[in-house]
Each structure stands twice: as structure tokens, then as C-alpha cells.
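Each of the two complexes below includes chain A, the first together with chain B, the second together with chain C.
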Partner chain A sequence: MKEEDRIPRDRTDEQTVTSLLSHLQEMRQAVPVNYQLKTELKKQLLQRMKELELQKTDSVVVKMPHSRKKLLRVCAAVMIAAITVGVYSWWEKDVLAVDKQGLLTLPAHTTEEQVDIDPTGKEVAYLVSPSVIRTVSVDEKKHPENISLPATDGEYRALSWANHNEQVAVVEQSGKQARIWIVDIPDQNNVSSSRLLKEEENVTYHSPAWSPGDETIAYTRIKDGVEEIWVSSTVSFQEWKLAEGSQPEWSPDGRFLAYTKAGKVQVMEVRTGNISVLGDGKWPSWSQNAALTYTSPEGGLVEAQVDEKPFASKELELLNLFGEQVVRGSWSSEGNQLLVVHRDEQPKSLVISLASR
Partner chain B sequence: MRGKWMLFFAVFWLLFSVKPVEAESNIEINVNAPLGGLSKYNAWTRVEVNLAPQETPFHGFVDLTKDKSAKRLHESAWRQQVNIEAGKDATITFDMPSQVLLDDWYVRLTENGQVVQVEKLRLPYPKDGRTIGVVHQGGSAFHFLALQPSQVTKGIPYTIQNLAVDKLPDSAWLYQNLDVLAMGSELVGSLRAEQVNAIRDWVQTGGLLILSAGPGQDEVVEPFQADMPVETGRSGQANLKQAIERYTDEKAIPEGSLAVFNRDLPLFSAKAVGKGRILFVNYDVTAEPLASWQHNSQLWQNVMMQHGALSQLENSPFRDQMLHPFLELSKQIPGVQTPAPVWMVVLWCGYIVVIAPVVYLLLKRKGRRQWAWGVIPVTAVFMTVGIYLFGKPLVVKSSASYEISEVQIVDEQLAQTRTAATFLAVDQNQYDIDGQSLMVALPLSMGKNDYVPEGITAGNQLISFRNVPYLTPKQAIGFGTLRDAGSFTAHLTVNADHLQGSVTNHTRFSMESAFVEIGLQRIPIGALAIGEEKQVDIRLDPLLMPRTGEGNKILSPEERLEQLKENVISFSRENKLRVIGVNTEPLPLLSMQEPHLAHYWNVVHQTVRLEADEKGMVTYPYGLLGISVSDTSGDVDSNSPYLWELGKGSITFELDAAGTGLKVERLTVPLDLSSFRPFHIEVFSQRTGKWIALKRGERLVVDKQLQEMMTPRGTLLLRFTHHASPRLTLPTPFFQVEGREQAW
Partner chain C sequence: MGMAIERSAQPSAQSNGDFYESRPFTELYDEYFDRVNRYLRCRVQNPWDADDLTTVVFLKALEKFEQYSRTSPFASWIFRIAHNTFVDFVRKNRELPVDQEDLLGAEQDDTWQPERQALTKEEIRLLRDRLDLLSQDQKDVLMLRYFADLKIAQVAEVLGKTESSIKMISYRGLQKLQKMYEKGESE
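What follows is the complex of A and B.
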């Protein structure tokens, strides 16, 4: 085959130009597509701008409803806050809930006056046989501590935590002799030391209670079956009888002394000596200057206001105690925690719980 | 470019960092102190700066400053202006509590705002302990006064210093640097009248003067005849054994006799003069055989004890001479309500967190964000001005001062005053304070940790404060005497456990409230107008410790104010019977020389003596007499001045009955009280030299056996033992003494 036959020159050139032209044609057709896209995009953009313009106009028109919305939101927030505060206040005022159920479970022979709460409500102290005080941190931040009491042949029966000083008053009965000791609670710098405040023969002492300034201790003194409330000074060698009765408790401002006599809770105004009877019960304890609680014979907790005449008393609901009968309720001197003592039958024991408003 | 910066830094460095060149000085500076430089930590002293310009006169300031640098010329400086001609000299005095001298101080001379000369102040450190000054020809006379201190004063040194007569000052208050001044020999005759008067005034206000005169040494006795009348011209001999046997239990008393100034007087006799005491020694202390007797020191200790001198010496309480309780109370100017720091924080945070961001957001919204550079600072300025205008009248409306004063009555004619005042000027940055009625006044300013002397003084009584920053309080303290202030007349007797009698206000002050303080107990007796008499019949509370308030309780502002006032009333507390009155009458001891609102709070008090009952017996009740710990063994600790913790050990108390100055007939310790019962208690018998065990729960009453039991120092020793390890707390065994007044 000849070269000319195989590749006819003129024809080939003609075909190439044609194909090039067709390619160009295609290219030209393709370019308008981009232009089209561009146009389309431009169109979309304009459309969007129009929409935005429209939206902007709309927003001017709907301004009021938006601020109203805002106002509504604020109102709702305020209402929620108000409701929260109201509920909190109501809760704070009236509801007493046990929040440390069964903080301690003590042997059945332990009595309710062998345990007390510190002024801040952060620690509980109780007597451990034969001559040891154990302090337990409520929030368990501190390890339990043992404080040795003077080793005597007597039995330690009651304790009371001082209001301001790091001290506890402890009552001891040794045969016919009754004693009250003031025990310093040890800390990092000081070792515990005990001072004999009072020793007397042929009597028994119970329920010591520090005065608000810790200058005196009131206690129950029983001689020949007669219950009396005596006061011993912690700064002088003085002592005096205050009333007939038992279980004394000073109000935080020192104006009143609450105590029990013949199964009734009474309040004496210390300055005048005026006595008022609140009702049947025992173990009065002050939560505020003019408010105290005591245990009713049915095992409930009654709150009384002594600055109102006639006295306003009402039974306090104690949430989370599940129908247990309260033996004693004792407020920390700052009034923020209530030490609740009740007895368990199975197994027999004295249970210490903590409640707060 | 870099070169320019280098030049800038170089100029900056030269301008601000390099100390100005001190002018060439030709001034000779000499610093001295009275009493040969002897000063006591617990007293005020004087620094005497003598300046002698050699060639050119000096017209400038003498500064006492802690900062020797030439910078900050007006900061922390206590200044006095002085003009001295060349070739002459002048002495400038700076009076201050000695404790101020514990810091490093510089004497700095400035002239026309330029430091001329700086020299470090070099003076002996103040003595911490008891100081005894001796004026006697014999170099080692009175050396035996280096007493053996009891447990209470153990560790506190006794300083004995011989003093030249010309070093004795003319001002009574400078003698407060001495606890005892012992004088003898003809040197006493060379005292100037001013010195004698100063010494007599010092004794009146609590000084202890010992005069030793041998035969014919009238010059020792004569200057003090008015206070200590001793008949002259009656020299003679005294039997040594008879003369000293009551003071010593030593068997080997030197035989023979001793030449005495007055043969009719005992070897030692004492007399209370005002608040002080004079002990007259009827022989020359350098005379033999006593001077070199081996037990002479013990003899003197017993003499001092039995004549109440040791009690006065050992029980002199520490008084903070910077008067901190007074200053702290004076800062509470009535009507001046300083803003609580929390408000400052709230305002500051309010600006940072709220105002500035809100302003920024508003500007951004307005599209004027760049205005923030101007608007925010301007808002800050407006806010500052607003706070100033609104807050200023809330803080204080006009200049004010609050002066806290104590008037300690010595007798009808003489009273000592202490005062501290705070001044707050509202619209001026300079003012003067007049302290003419004081002996000494010191300007103060609150430093980093404590008050520091700062201000300009002239003649120790005129104080000037200059360049005082806005609403910055300034303080001053001072002391002096008050003549004819009158006195309280008190006839008080202890009958059983009652204090009975009357108190009449013969002072020139009307008291808004008055008290009788006996030991640790303060009994209110109500208001006491001038001339008013109050009957007193109070059951004494056998306190075992003072009432100290409620532990760590956080105090309200009112309670805090009450506590500050209590601190001022207790400032001069001692184991004595005091009548105290409080009032708010004007008593301008430090008065601001600008119109201002002046407030005052004054405590007027007087120590009174208990009187005898119908039987002639004087009773000193519990808590009024000194008790010291003479010995301890085992585990003994104390966290309170009146309670002792004892674990497996013992503690021995020394009950000072001699401090009463009575002829003691009965001493009672209430050991029957419960707190003492857990301890094994013994009493020391001086006669047998043995400890006698006491029955548990029994009150100790010593009357007939008093001579057998009492030590030659006039004390009773009681030992308490606890055999177990856990600690028991023991109260201080306060005691009661009954006795009769004895003639000197």
C-alpha cells in the first residue's frame, strides 16, 4: 500500500480542521454553561438579597413582639426565682428534715444526756465507758477522737458542750458523791485537762447546761428525791439555787431558762423570776432567743414561741424519721442543727440522728 | 534611633535613680540619753541630739527617721526645726517610748530640702527587766540589790548601774526608767534642787527610793525630810543581832554593833509616799561587818520583801507605752463612718464588670466604638467625682478628733495623765496640735505594722502635721501631770465577804459611770456627780479568773467598741482596790488648732487603801494579793494566767502576805473548794523545814502558827501534787489576809 493511499493528505487535513472546529464548537457550548451558572448564581444572590431586604423590613415591623418575648422571658425568670425563694423560705421556716439518719448507734444502756452536739453543729460528743468522751465529726472530715476523763471509780453520766470555749462539762457519780468536771477539748497545741468544778456528797447531778457566755453551768441536783436546778460559776467559786425542777436550758440571749417540772416544760424569765408553763413534755432546747422545742409525751417534737402571749405551740413535722418516737431533741447553740435522739427496738439501741430546717 | 533611646534612658536614670549629692557638712552631731543611757523598755526616754555647726550656720530640720536615704524627705520622719549659728551648738530632744529605739533610726539633717548629713543613732538598747540606779561614792555599794528573782520574774535580769549625779535628769518622768534609785554618801548632798524635786515627784508616782545614811550623813536625809522625816543628830550604835534577826533565819549573825544614823530607829524602815515608797536604811551600806557578810544579799531580799519593796518591784505590771488600747479606741471617732472595704470592692467591681462593658456595648451598637477611648475614662472620672461628692458627707462632715485620756489620781494635788488622740481633717492637709498641758507629746502615723513617730514637733508639746493625704487620720500620744484634779474619798472596809463603806467624788470631774475595782472584780456603782457620795455594800465574788467574754465570738461593732473601752479601763489594772470613773467631758490635752468637732472619753481612777474595821483589823480579800509560782516539777503548763494544768508533777505557790504592809494575823486559803480537792496539798513549815500534808477538802487557816509557817520573806509556800498522767486543772490558790496596820 502506498503512502498516499494509506494517508490521503488532503482529506486528513480537512478532517482535523473539522474535528477541531467541532471541538471548538463544543467548547463554546460549554462556556455558555458557566455563564449560565454565573447568571443563575447572580439570580439566586439577588433573590436572597431581596429576601434579606424583605426580612429586614419584616423585622422592623415585628420589633414589638420580640421585646415582648424578652419581657415574658424576664417575667418567667422572676416568677421562677420568686417561687424558688418562696418555697425555700417556707421550707426553711417550717419543715424540719432529718438529713443524717442514724449518725450514731449507741448501746441501749446509753442515756440521752450522754450525747451532745457542738455549738456549730459540726461535731457530736458522747460518753464511752468507762471514762472516755468520743467526738465524731458530722461530715466525717475528722477522725473520731477520744478524750480521757479523770480516772476515778465513778460513772460519767451526762455531758454538755460549751457555747464558745472548747470545753465540755461532764457529770460523774461516784458512790454518794456527785461531781461536775470541765474538760478542755484537746487540739493541735493543747493537751486535754480537766477541772473539778463541783463535788458534793449525798446528791446526784444531771443535765448540765452552759449559760450563753459560758460563765455558769446550770444543772439538776437531786437530794432526797427533790429535783432542783443549781448554778455554779465557772469563773468564781459561787453557786446558787435557781428553781425547782430539772433539765435546765438557757435561751441563747440568757433571758430565759427552760426546764421541766412534774412532767411539764416551764420557762422562767431570769431577771423577774416569772414562770410560765408551756405544756407536757421534757428536754426543752432553744433554737432561737424566744423559740424552743421540747419532746412531747407521745414522742413528738413541739415548738413553742415564748415571746407571744399566749404561747404559740405546735407539733413539728420531722421528715424522714419514719414514725420513730423522739426521746430528746437538742439544738446546737447556733440553732442550725438539731440532734435527734430516738430508740430502736430491733436491735435495742439509742440512735442519734441530725436534722435541720 | 537607638542612640536616642539610650540617651533618654541615661537622662531618666540620672534624674530619678541617682541619689542627690549630699551637701558637704561641717556639723558635729552628738547623741546622748539621760541616766547615762540607761533606759527601760517599759518607759519613755529622751534622745538628746547636740548639733554644733563649725563654719556655716545651720537653718533646717533635724529628722529622726528610719529611712536614711535622701529620697522621700517627708515620709516617716519625725522632724524639728532648728536654727544654729556657726560656732555655737544646740541640743534638740526627742522624747519617745523606749521601745521605739529597738528599730534602727537615723539622725538626718536637711537644709532647703537637701540632706546635709545622716548619722545612725547609736544608743544602748532599752533594758528589759528591773533597773536599779545607784548614787554612792562606794563603787560596789548596793551590789547586793541584785536580788534572787522568784519564779515569776525568773529570767528577767536585774540591771544595777552607778549613776553620776550630773547625769540625773530634772524631769520626774525620766526616772521611770529606774525601778529603784538607791542613794547614799555625801554625793547625795550635791544634788540640785530640781533633781531632788524630780526624784520626789517620781516617788510620788510609784518610784522606790532607798536612802542609806551612816552617822552624821545629814545630807542624805535632809533633801527628803518632807517625805521621810528622820531626826538628825542622833547617831549611835545598834546591836547587830537584835537589829537583823527579824529579817534572817541565819544562825551565824555577825556579833557586835553597827554605827547608825539615828539610834532610835530600826535598821530598816519604810514609808509609802503617794504610790511609791521610801526605804530608809539607818546605816551606811558600805559599813562593815554587814557589807561583806556572806548572807547580806539574802538579808536584803528579806528586808525588801518585808517592807513591801520587793512586792512593788516584782509586781510592777507591764504597761504598753505606745498606748495601743488608747490609740485603737481613739480611731473610732464618733460620727465618722469609714466605708466598709466590701463597698470599695463592690464599686470597683461594679465599674469593671458592669459600667465599662455596658458603655462599650452601647457605643458599639451606635456604631461609635472608637468613642470608647474617651467615654470610658470620662465615665471613670465622673464616677470618682460622684463617689467623692456622695461619699464624703457620709464619711465625715467636718474635721473631727477623738481623744482618749486616763487620769490616774495620786493625791488631791497631783494626777498623772496619759492620752492618745486621732485627728481627721476634712478640707486641709496641714494642721497643728497643741499639747501644752502635757509633759511630752509624740506625733504618730500608722506604719506598715505599727504606729511610727511622724510629724513636726516643737518643744515637745506642739505638733504639726504637714502634707497629710486626703482623709488620712493622724495620731498623737502623750503623758503629763494634772494639778489640783482633786481625788476620790473612799472609806472602804472588807467585812466577812462584803465590801462596805462609801465613795465620794471630790475630783473636778463628773462621772457618767463609776466602779469600784477590787482584784479581778469590778463593781458598778452608777453615775457619780462632783461632790456626790455613794454608799457601797457589795458581796465580793471570789473570782478565780477575770471574765473574759465569749471566747472566739465574732463581735458586732458595738461589742467591739465596748471591748476597746474595756481595754482602756483595764490598762492600769493591778491587784489593788481602785475607784474608777468614766466620762465624756472635754479634757483637751492634745487639741487640734483648727475648727473641728472634738470628742472625748476619759477614765479617771485612783488607788485607795482598805480601811480597818471596828476591831482595827484590815482584810485583804481573795484576789487582791500577789501569788507567784516558786517551783514546778513534772508536767506543768498554763494556758491562762489563773489556771494551771498539772500532770504527774507538782507546783509550788508562794503567797505574798507581806505585800499588804500589814502585821498579818490570819491567812486563809479556801482549799475546801471543789477545784482543789483532786490534789495532794502540802504547806511548808519554816520552823521545821518540812512539808505538812493537808486534809482533803479542808480550808487552810493559819493564825497562831503564822510565825512558824511564814518564810523570812513574809510568804507562805503551798505545794499541789497530782500523781496521775492525765492533766488536771488547778486554779491559782487565791488567799485572804487579815492584819493590822503597822507603824513604820
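What follows is the complex of A and C.
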């Protein structure tokens, strides 16, 4: 269909339409224009044009860094991939990741036996002069808490967290008197209280260690320069000497007692009294029933399997703690966290970190 | 048939017969502001809304100016923005038909051009009422054609329809309007 057919028009129509269009045009002309807006909007647009121009310039300027960024991203991705492969291979060799590096930085005079980790690995307790235990939450969900110890003229030297009870054992040295205290950790229902477990003159005590069921505490007793390991019951007043040496540590199943003697780590099977020497080192700590970690003279961590003959030992890698000489590594009772102690020279301090597999 | 209203010449460069718009944005703004502002003032009830919409149209146009191909008339491009802005506005505000009282300004306003015509408000109101009785398509086409002063091809481009369809809509709209006038005159 032709357009002329679809849009029929005659002369009358055309005249009417012409006058209509004329009318519409008049009306259009009657509609006012806001010329003030026209001027103001032009200024606004010119300003915006300048801004856009600047943005353009900036984008040109940042173009080079952007390409560099891209290159860097690719490099980073390659490095991450390489590190991942490396980490994986190291993991196979047994690697511990230090995930809480520098959790605590304590004064240089603090010793490694004045710090301990709770059985679950969620809290760390340490001795604060003159007679306070401070507990800190590893995940920082709880505020640090102070637990007061019996007043002393001397000092508190060592601390050990019980395996099951909310208790810690602390060693006090006051003049010639050495004491072992059992301190209840306060909670919502109980206040803190202390009980004297053992007191002796002319000796020094060190490194208390709770037995797996918390029924006894082994400790180092030094008299006239001789280091011995003694055990005191926490429920009766029984006590007995177990071995010559220091730094006792019960295996989780209570089958073995690890300790150091003459700079060597030894393991005694409690039932038979058989003693095995693992190697040079100190501060043994059990991660599992038969897996013992200790600190080598070089400041590394060594793990030994004591149920294999000959003992299988391997060095543990500590990621993120390169070059630091570990003073002590102490596993939480559940074996999930390792409290790592090392010393910093600048500034002189004792640094506490946490590692896990 | 003299349907087309005389338009101002488009000062765009032509090369090899192909259209090419070479003017910078500021020049195009100077030329098209009046038409866009007037178009929107015809379409929305409140002149302040129309001015806001005009501002939005030109800010959008500036932001998107790089996307303007320059091989088609600027009028089609800017009125496509203006029409879409108006449609959005209507959707958001459920715009009521424009009141000519508001269109022309009930009170004296110094910002208005002295070009205000001597048309009586009554005449404009009448036309306005009649335009409002047209279909949406007819209204859009006639508004763009005679208030925005666009060519058939440009209206087609703005509304995304064919030229013949625009011609048909325009013709039927005018016919309807004409009948209304005839009927009105006989009444």
C-alpha cells in the first residue's frame, strides 16, 4: 500500500492541518525557556568537563603503573604458587606454622619456665613480678586476668598448668626456702585460692610438671648442685625421688617420663625404669603418647618417636620464625598448640609465640 | 503538504554527502538547550521539574558524549536522552498531565524569556487538553515533532520506530486533533 493511500488528504484537510501546525508552532514558541538555568547549567557543564579532562589525564598517568601492577600480580601469583609447592613439600617433612608470632613479649629477666600454655591451647599463663599470675587468651576474646599469689619476699620461678583441673602449680624461692604452691584459677563461681604442696629448706625447685591425671606433680629439686626429679602427690603427702636429672615431663598416657640429664634428653619407662637417651637437648615436651619434642643445643626443635627402636628423630621446621633460636617448645596437653619461647636481642626480651601443625 | 515546520539550519559539517556533526559539546548545548527545555516544559507538569530534567539530560549527555557517533544528527541523540529521562520521570512520579497554568507560569517570573507569545492561556489550555486525549504514541510523536522540532527521521530514531510508522502516527494524531478542533468550533 502506497503512503498516499494510507494517508489520504484533501485540500480542506491540508488547510486545517496547516493552521493546526501553525497553532502548534505558536504554542511551542509560547513555552518559555529558562535562560538563567541555561547560563548556570553551562557553567556546571564546563566545570564537569574540566573534571572529566583531569580524570582522563590521571587515567593516562596511572596507565603505566597499572600495567606494572598487572606484571607484579603475575609475579606474585607465580611466587605464591612456588611458595605453596615449597610449603607443601616442607609440610611433608613436618612443618609447624607459627600462627601467633610474638603473642607475648616479656621482660628479659623472665625465664622460659615462667610461662605455660593451658591444656586446650587457648590460654597462656605467665608470672608477673612480684607475685601475680597473668592469663591471656590466645584469640584475645577474653581480657587478661591477674591471679594473686601468696605474698613472698623472694620470687616465683616456675609455673605449670594442670592437665584437667583449673589449677596451676607455681614454685616459690624465698631465701633458702623453696615451696610449691597449687593455685586455683578463679572463675565465675570460685575465687582464687592457693595451697602449699611442698616446702623445703636449702634446696631449689624448678620445672613442675603435672602427671596426666593431675594426681602428682614431678619437679626438679636441686640440693648441693645435684639435680633430682622428685614426685609429690597432690592428694596425699607422699613424695618420692624418681630419677636424677631435671625438667621432667610426663607422656600423656603416663607411661614415660622425659627429662634432661647432663645436657641430654632421656626417657624413662616408668613401669620398668628403663632409661633411653634421645640426644643433646633440653625441655622435652610430649605432643602425643610416644612423640616427644625437645630443643636442640642449636636452638632448633627435634621430634622423636620413642616407641621405635632405634629412635626416629627429625628436626621440625618452624615457619615464620626463621633464624630464631628456640629456647623452649612446650605442647598443650591436647597436643594441638606448641608454645614457642625465644629470646630477642633488640630489645632484650623473652618472646612467646604459638605454633601448630 | 506543508506538514513540516521550518527548522533552523543544522550547522554540521557534511563530507561526501555523509552527515558528520563536528561541533563541540558546548556549541551543541547552546543550540539545543532551548529545544530540550521547552520540550520538557511541555511534557511535565511542574516547570521546576522540567528544569531539573533538562539539567539531568545535559549532564547525562556530557558523560556519554564520547559514545555519540557524530554520524547521526545530535538532535536525535539528545532527544533520545531527553525522552528517556522524561519516561523515567513519569514512571517514578506517575506524572499527571501538564497544566498549562503551570506551564506558562501562574506568576510573573523574571527568568522567562520575553519571547512569550501573545497566545491566550485559554487557547493553550484547549490545545493541551486535546493533546492529552491522544494516545501515548500520538502524543509522543506530536510532542517530539512539533515541540521538540524534530524531523520525522529523528522522531523515528528517538522512539525506535520506522519513519512510515511515525508518519502514520503523526497523521492520525493530527487528524484526531483536527476533528477535536472542528468539533470544538461547532460546539
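Please note the rule applied: the second predicted complex is superposed on the first by the 264 of 357 C-alpha atoms of A that agree within 3 Å, B and C clash if a C-alpha of one lies under 4 Å from a C-alpha of the other, contacts with A are read in each partner's own complex, and residues count from 1 in each chain.
Just so we're on the same page, contacts are C-beta pairs under 8 Å (C-beta built on N, C-alpha and C of every residue); 3 or more make two chains touch, one makes a residue touch a chain.
Everything numeric in this text was worked out from a predicted model, so none of it was measured.
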item	value
Which of chain B and chain C A:Met49 touches, first, second, both or neither	second
Touching partner for A:Gln238 - first (chain B), second (chain C), both, neither	first
First (chain B), second (chain C), both or neither touched by A:His164	first
First (chain B), second (chain C), both or neither touched by A:Arg28	second
Contacts of A:Glu199 with chain B and chain C, given as first, second, both or neither	first
First (chain B), second (chain C), both or neither touched by A:Leu37	second
First, second, both or neither for A:Asn190, with chain B first and chain C second	first
Residues of chain A at both interfaces, chain B in one complex, chain C in the other	none
Touching residues (chain side chain C, partner chain A) in the complex	1-3, 5, 25-26, 29-30, 33-34, 37-38, 41-42, 47, 51, 54-55, 58-59, 62-63, 103-105, 109, 111-113, 115-117, 119, 123-124, 127, 142, 146-147, 149, 164, 167-168, 171, 174-175, 177-178, 181-182
Partner chain B, residues of chain A touching it in the complex	148-151, 163-165, 179, 182, 184, 190-199, 212-215, 233, 235-238
Interfacial residue positions of chain A with respect to chain C in the complex	3, 6-7, 9, 13-14, 16-18, 20-21, 23-38, 41-42, 44-46, 48-49, 52
Footprint of chain A on chain B - complex, ascending	541-547, 549-553, 637, 639, 643, 645, 647, 670, 673-675, 677-678, 724, 726-731
